[in-house]
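To start, I am sharing the structure in question, which I have written as structure tokens.
Think of it as A, B, C, D and E in the order they're written, each chain with its own count starting at 1.
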């Protein structure tokens, strides 16, 4: 059973149809790269998965369970959405770290707040917080920031900030981790370290959806590539199929630019 | 006779001696590249040549005429300094175009103001302004901006702005044109066009002093290279001598970084 | 007790009225400003328009006029005053006028501050499963406060100087008190009032400088 | 001519005093502000310190106090008044207090504006052989003006509202005139004064919006 | 000396007279509009509050703060004595003279007790007690100033308190009406204007002038030039108020026991005839 199944998602902004019947599925432990020209709807797709936009049609299933159904959207409560959202993690293009918290606090904040609703929170508060903290430290170490945990975002380089953002998203143990052009806001020298972290996540079989313009990286790291154009999936397949032997004219035209 | 002769220039800021006995000369039509690590005094040297800083000691001669003498500095009037300054042109690191003027106006402004002191200005005002304008258009065309003359600086890319700045400096027909890291404020994709313009100036035998970190460019374009360190000229010679066969340890250490 | 001591004592007493007006105005207008700001940003358009028009009118007319109208209009229009009698009523009326006026000014500052917090901060909070109130209190509030601190500081410094307007409806604030002496030909109490204001303003300046420094550990 | 017409006529006449005070204050304080700004940036330290202290004291005390002191202090201290008797002297004294006060506020805006023009602009002018005055008028002035336009707009809008303070030394400005009717039990003239201010402020807002738009063709 | 019986009913009203019945004492002789009487006894209202709010402006010798910081004055002391007799606490509130009627009607004060000159205009809008102190409107100028009747002030600047009897006097005088008129919010401010030279003359109460200007005062350089109109002071209540009659009654008592006379002597005032 695929961990993520997207079924004919549609999304319009006003009169503009930005996503036209998007459907795909993703197996556990695989990573999916989404490529396509600017304005083709890649960001919007990720935002739909993360409930930042509400699709006008279609369904989203995680582990076979429906987490979104456009037909039944009214019956979803705010709390339910919040719950379903936790299946997904999202790493933003421009990091969106919380500036008033240290790297470590950025990673622990959401977990600490979630832990409050645990039944035994009051009793074993200290132990719970300690555990959250230890796990966060482990995560930061795994993205190579053991010595930067107590720095505030503005004291970190762009690449370091993006790595904190990745650790923050991982902390909630999402089933699917999404990246929206994670290196496009970085200086060329700093992209390497972030791509390295994502590559190591792929090697440890993290399920990921990665929107990227780094074609070489997409080919390297992904198990499957989707090429989007004008709100549609034009071509999908293994990196070799899509990048080395594209079938559609549009894909060829797009790839020729690189 | 060298067009520029710099004799034992000294400059301190407070207790810090930034330039320690700098001397060199430059023949007409040649270009001199100044390289050196950060803080070695390259910018300060250019600023001294352009009278933006007043050296504490030493002399500067242009075409054999003394334009600055630290010993006689008191007797220089404001107007004289302004006059001598016109031997030099300076292209700044961050362009410093005048934002309220179009590209063309940026190039013509100084000439128009200078023309006012011409004896026949009132009589032939129209012709003079027309001539200034035509020359400026020619200069902008020569830096590849014929179709951008009426744009304001904020409507131009960094590379285009820097080319306007070069045209502006050329308009006053300086004997020596100075560049202070003309591409370091530019995105890598935009440096090429500016370096191309400078290269074509070198080919047309413009006398230039170029502070740069672009080692390949310095080797290509210059007739002579000075390597500065800690306010001193450590090594000077042809590009081949300084870059390919440096004599001094410091120079070797510096070049090894590239 | 000599005359100068008495005068300083009376000046200090009357400056206490300025301080009370200052404190009460802050106490109420700082939170009320949020209500007004949210009103003016409401997605229910008529409410947003109404609030903005109100804010515009308040910001476009002298505070002095508002004080006079709030104090006299009820009495003149309905032959009864809600302010009660005596000097406490005057202070109440004056405070209400000040609170409304400053809430409107603050609301504009808040609005600017709220709009200046990047959308990405809200979205990052949402994606991490935080509730709306957690996002407000844990994520955006502090950034908001840091952003509005400088204009708030200016406005609050203006407030202490504006308290002198209380005299318009015969609240005996410090300048009015000093002028009582001036009408007896004694001018120095008038000059002394400047000291009270300068000390207060100086204190506020230091306070805001200190808070801004405190918040310097992060950068939005 | 009915009563309402008469009242509106008298209100308009008294608002003319507000307008005169507004115009005169601007006329003198806008240039004087530059003098103060250059004083406070002077390389001759004692002058800079003195100017800054003066600006600080003026900005730290209520304009109302300054108006009262300027009007009465000479007469009470030296038994002679430079303002003469009669109402024109009152306007003169009031204008002087306003000019000093606003020049200090403007000077701080100018100072910020001057410091905000990048050094590179002056240096680029120098390197091109321009004289100091050419650099000021041809290069930096317009950038300066563009930079200070928003805070100047705010301050000037505050000025028209501040003109109501003229009544403190019995200049019969519009609110004082309206209050004369209020004390006879007629409240609507008081409300009408709001219209005068709102129209004036609205006009200024449009004007500044227009100028800012005009200057939008370049970006500093 | 006796109070005029013409002003108010002289019989003091029982404090707890039935409020629903028309209090007989509140039918002032001068009242042209009986319809404006309050439906309820004003006295009962004040007694219910337990205090009487007295509006005043700082005005030596009537209500002022002396050098030791003590709030005192003829009217201050008299009002305290009267309130004690009425069984209420006095509360003194400084007001803007110009808006005194508004304050009274809005019930933000209960009476104006501050050397208020009795005239017909005020009788029409307020309930006034019998006269208790004599006064005159006087022209005050700098001692050496040239003065030859009010005609010599034509074209000069005169000031008076806004809404005061002095203002009425100026408006009614042929010479003064042609002067540049400036209104101030307290009488003492008028003295300051003259002393500061920002006004040529002020028209204000004799009682105040007697207390505040001339030899041995803060305003040694000022002098009274002319008395323009002799007049009486009274206390003003809301139109139709029954407190007025009660206070008249207390005045009679205080006159009888000599309190009033002693106070007048202390503050160098003449009691009303």
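Everything below uses one rule, namely that contacts are C-beta pairs under 8 Å (C-beta built on N, C-alpha and C of every residue); 3 or more make two chains touch, one makes a residue touch a chain.
Values in this document were obtained by computation on a predicted structure and should not be read as measured data.
A.B. asks: Which chains are shared contacts of chain B and chain E?
C.D. replies: Per touch definition, common to chain B and chain E: D.
A.B. asks: Taking mean CA positions as centres, which chain lies farthest from chain A?
C.D. replies: E
A.B. asks: How many angstrom lie between the CA centroids of chain D and chain E, rounded to a whole number?
C.D. replies: 41
A.B. asks: Which integer distance in Å separates the CA centroid of chain B from that of chain D?
C.D. replies: Each chain reduced to its C-alpha mean, chain B and chain D end up 46 Å apart.
A.B. asks: Centroid of chain C to centroid of chain D, CA atoms only: how many Å?
C.D. replies: Roughly 22 Å separates the two chain centres.
A.B. asks: At least two other chains touched by the same residue of chain C: list those residues.
C.D. replies: 72, 76, 179, 182, 185
A.B. asks: Identify all positions of chain A at which a residue touches two or more other chains, and write them in rising order.
C.D. replies: none
A.B. asks: Going through chain E residue by residue, note those that touch at least 2 other chains and give them in order.
C.D. replies: If we look for residues of chain E contacting two or more partner chains, we find 99, 102, 105, 192, 195.
A.B. asks: Give every touching pair of chains, nothing left out.
C.D. replies: A-C, B-D, C-D, C-E, D-E
A.B. asks: Which of the residues in chain E end up touching chain C in this complex?
C.D. replies: Result: residues 49, 51, 53, 58, 65, 67-69, 91, 93-96, 99, 102-103, 105-110, 186, 188-189, 191-192, 195, 212, 218-219 of chain E touch chain C.
A.B. asks: Note which residues of chain E are touching chain D in the complex, please.
C.D. replies: Of all residues in chain E, those touching chain D are 98-99, 101-102, 105, 156-157, 159, 162-163, 180, 182-184, 192, 195-200, 221.
A.B. asks: What part of chain B is in contact with chain D in the complex they form?
C.D. replies: For chain B paired with chain D, touching residues are 50-52, 78, 82-83, 85-86, 88-90, 92, 94, 96-101, 109-110, 113-114, 152-154, 168-169, 172.
A.B. asks: In the complex of these two chains, what residues of chain C are touching chain D?
C.D. replies: Residues 56-57, 59-65, 68-69, 72-73, 76-77, 157, 161-162, 164-165, 175, 179, 182, 185, 187, 190-191, 193-194, 197-198, 201-202.
A.B. asks: Considering the complex alone, what residue numbers of chain D touch chain E?
C.D. replies: Residues 71-72, 74-76, 79-81, 83-87, 89-90, 170, 179-180, 182-183, 185 of chain D touch chain E in their complex.
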